[in-house]
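A single structure is presented below for examination.
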Amino acid sequence: MTDVLAAVDESFFTDRSGGSCIQDNKLFCPGWVADNYDRYVEPTLQHLVLVGSAVAAGFLIAFALAILAHRHRFLSTPFLAGTGVLYTIPSISFFFLLLPVTGRGALTAIIALTAFNLQIIFRNITTGLRNVPSEVTEAATGIGMTRSQILWRVELPLAMPEIIAGLRIATVSTVALATLAVFANGGGLGTEIVTGSNITFKTGIIVAGSIAVAMAILFDGVLLLIGKLLAPWKRVAA
Amino acid sequence: MAHESASASPVRFDSVTKRYPGAETVAVEELSFEVPAGEICVLVGPSGCGKTTALRMVNRTVEMTSGDITIGGRSVKDGDPARLRREIGYVIQQIGLFPHRTIAENIGTVPSLLGWDKERIRKRSAELLELIGLDPEYGDRYPAQLSGGQQQRVGVARALAVDPTVMLMDEPFGAIDPINRSRLQNEFLRLQAELKKTVLFVTHDVDEAIKMGDRVAVLKKGGKLAQFATPTELLMEPADEFVEDFVGADRALKRLALMRIRDVRLWKAPVARAGDPCEPVREAVAAAEVPHALLVDGENRPLGWLSDRDLSRERVPVIPDSSAELLDADSVLRDGLAYLLQSGSLYAPVIDPRGRLLGVLSVEIISDFLASDEASESELTAAERPHD
Amino acid sequence: MIGVPLASFGLFGEAFQFVFEGREAETGGVTVGGTSQVLELAAKQFEVTILALAVAILLALPVGLLLGHYGRGEFLAVSAGNAGRAIPELALIALMAAAIGVGLVNLVVALAILGIPPILTNAYVGVKQVDRASVDAARGMGMTEMGIIRRVELPLAIPTIMGGVRTAAINIIATATIAPLAGILTLGDFIISRNVYGDAGVLAGAILVALMALALEGALAGLQWAMTSRGLKLNRS
């Protein structure tokens, strides 16, 4: 077991503000942050790639599953159960279950994060489709739309708010979870939390954690806006 | 408004049967009747009589087990159901407007499916909005911003978009409150007078059937046709006990739904404009059928009744505008009677679509109508005329 | 490349062996693994998970129920859920270890923090979604406010509430896996400390953690099914 209580690494001693903030490993050293913020650039970018890929892949797969389950209702339960299992297995465990297959690296992390996302997104797409009022689909059928036209022109647009809500939840959760990617050698902000052989550098943890939270809030906000743009009819009061 | 419309097509049911697999009773049994082009045929009956099923077999949202339905001679079974449905107007009770599309887009749904160009769709939507009596600005609103009655009118406009030869309407006014239902019915009948579509209309309300239908098909449980006749025949010569019971014991009063107010002889009331001298008006009141005077404007539009006190002055005064309490000449006598009884008035002014005075209706006029022998004759004559 | 699948089969075999017999540590000398160590760590993981879950329920459930019943604090309840999701578990554990210090109590507190948001939000939403008609009828019959919560709203909100509990459980058990970073040895130690346990240990740890998580989820799902009244179950179909 690595000694977690080791003293702060020598590599952190670039702090021109003077003083003993770093040496004493105080909670937060602004001076150090000012001098060293560039070390966070690459982990942040890696983190973005991890999250972006996982959510995109999760959405594509969940979308395909949801459309299938919408067409063939009996598939709902098995799909829900399957994605549920993937959701329940802790990501860190997932990283290493994939070990024999994809080894270590960003790909492993992305696969695990995608698996985590599936159920949330699948569930929301399915609920969104199911919540389309039956009289709307009845009218659409009656005036001569084909099944496929109804799906793409009526049901999916109307399900959009629910789908976006699911994407928001998935994205925020994935940003938080992707900090664990460091254990799979996948990079990301986790590398600045578990730095080298110890995890006691408080300032580093706070900065990395804050970037992650800020990223989550940013993504959430962007998706919220996109949701509003895609659903103009929801904005008008009845 | 000059309006070009495709000709309507006759619809014919030929021994149409619908049996659901595993069900004991038949939903529709050997249904046969023909609806001439340009007429409204109302399918009416108790719940479970198969009227909605019969309607839905026309556009194949329900597939018939045996028999055939032809539109203008062509079987509906020919070809792809989706294509068939695009050529038939379809209006349902809960309306089913697309919440995520604007009103104009909703109306333009089928044209867009058929590949019309944007400009043509836009023009057609605007045309139809005017036809159903909504301001053009409504085109950019969303369904959630409209009232139930307005939404249903848009539903009708949507069905008319590609000028179909047949319209199917499934309890279209069922979800509307009674006051607006009556207005919507009148408006639809006015529309029909202009467009002359072949309409199949389902309702459970026999009064609506009598008011709206050129022909009525009464169905009994098990989807059997009990009688197929004009409303007058239905009321005067019900085919059997079932039809008699269904139509109701108040058949006589129901006859009032067959006559328009404009079809009876209305009484005359003296009229006066603001500023006219009162003396001649007082004299006219003493001698007239209706012993009260109406204040009218320059266009002969009634503004309200003048009381004796109003007429006791030198000149006719201006009185508060009570022009809301007027009867539309196109309404049926039944609505006129209902209004008179509810408001407790003896007389109600009757106006034409432009608001101009045509005469005055009284309860006596209506009871005379019911009693007279002439009545049956003029009813039969009225039945032969299409609703206009 | 054929070697990979065969080798992976071998790795699974090694993992199997690790669990039941133990192997020599990568660092040499000591034997690690084996059923007794596995059980010890598993028990620890279970212990912290259940403790944290219990604390989270005790704190969040009453608050959520009350807020939902009185229809207040929607912003708090919903934001708690959103905020909770954004907390990076790794940063939380690391910060806790670095700033506050290691120890069972600290760990349980940190884990409970992760578990509170979903339970709070779901309790709020679950109660709020209960049919107003049922509540009005109960009030009209003379039930006290507490009585309404206990006998009408809570039973009807069970599915939603248990959904929140299950989400909390998943968060907690996943984070309990990285507890070794904070000095509390759980099954996650096999995964994190590869230099001691080797790849076999890592894989074994991964499998064991996954199984434990699935077992817990299954148990909670069963509990939810048992607690959901028959009437509700009929409604759902």
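Note that the chains are named A, B and C in the order they appear, and that numbering of residues resets to 1 at the start of each chain.
Rule of thumb we're sticking to: a contact is a pair of C-beta atoms (placed from the backbone, for glycine too) under 8 Å apart; a residue touches a chain by one contact, two chains touch by 3 or more.
No experiment lies behind these values; they were computed from the predicted model shown.
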Field: Arrangement of touching chains [line / ring / star / complete / other]
entry: line
Statement: Centre-most chain by CA centroid is A
Field: Gap in Å, rounded to a whole number, between the CA centres of chain C and chain B
entry: 63
- request: Calculate how many whole Å lie between the centre of chain A and the centre of chain B, each centre taken as the average of the chain's C-alpha atoms.
  value: 57
Task: Could you grab the centroid distance between chain A and chain C? Build each centroid from C-alpha atoms only and quote it in angstrom.
output: 19
- prompt: chain A: which residues touch two or more other chains?
  reply: none
Task: In the complex, go through chain B and note every residue touching chain A.
output: 59, 61, 82-88, 90, 92, 94-101, 109-110, 113, 141-145, 155, 158-159, 168
Message: Touching residues of chain A toward chain C in the complex: what are they?
response: 1-2, 4-5, 25, 27, 84-85, 87-97, 99-101, 169, 172-173, 175-177, 179-180, 182-183, 189-190, 193-194, 199-202, 205-206, 208-209, 212-213, 216-217, 220
Residues on chain A engaged by chain B in the complex (per definition of touch): 133, 135-146, 149, 154, 157-158, 231-233, 236-238
Message: Residue numbers of chain C touching chain A in their complex, please.
response: 4, 7-8, 11-12, 82, 85-92, 94-95, 97-99, 102, 170, 173-174, 177-178, 180-183, 185, 188-189, 191-193, 195-196, 199, 202-203, 205-207, 209-210, 213-214, 217
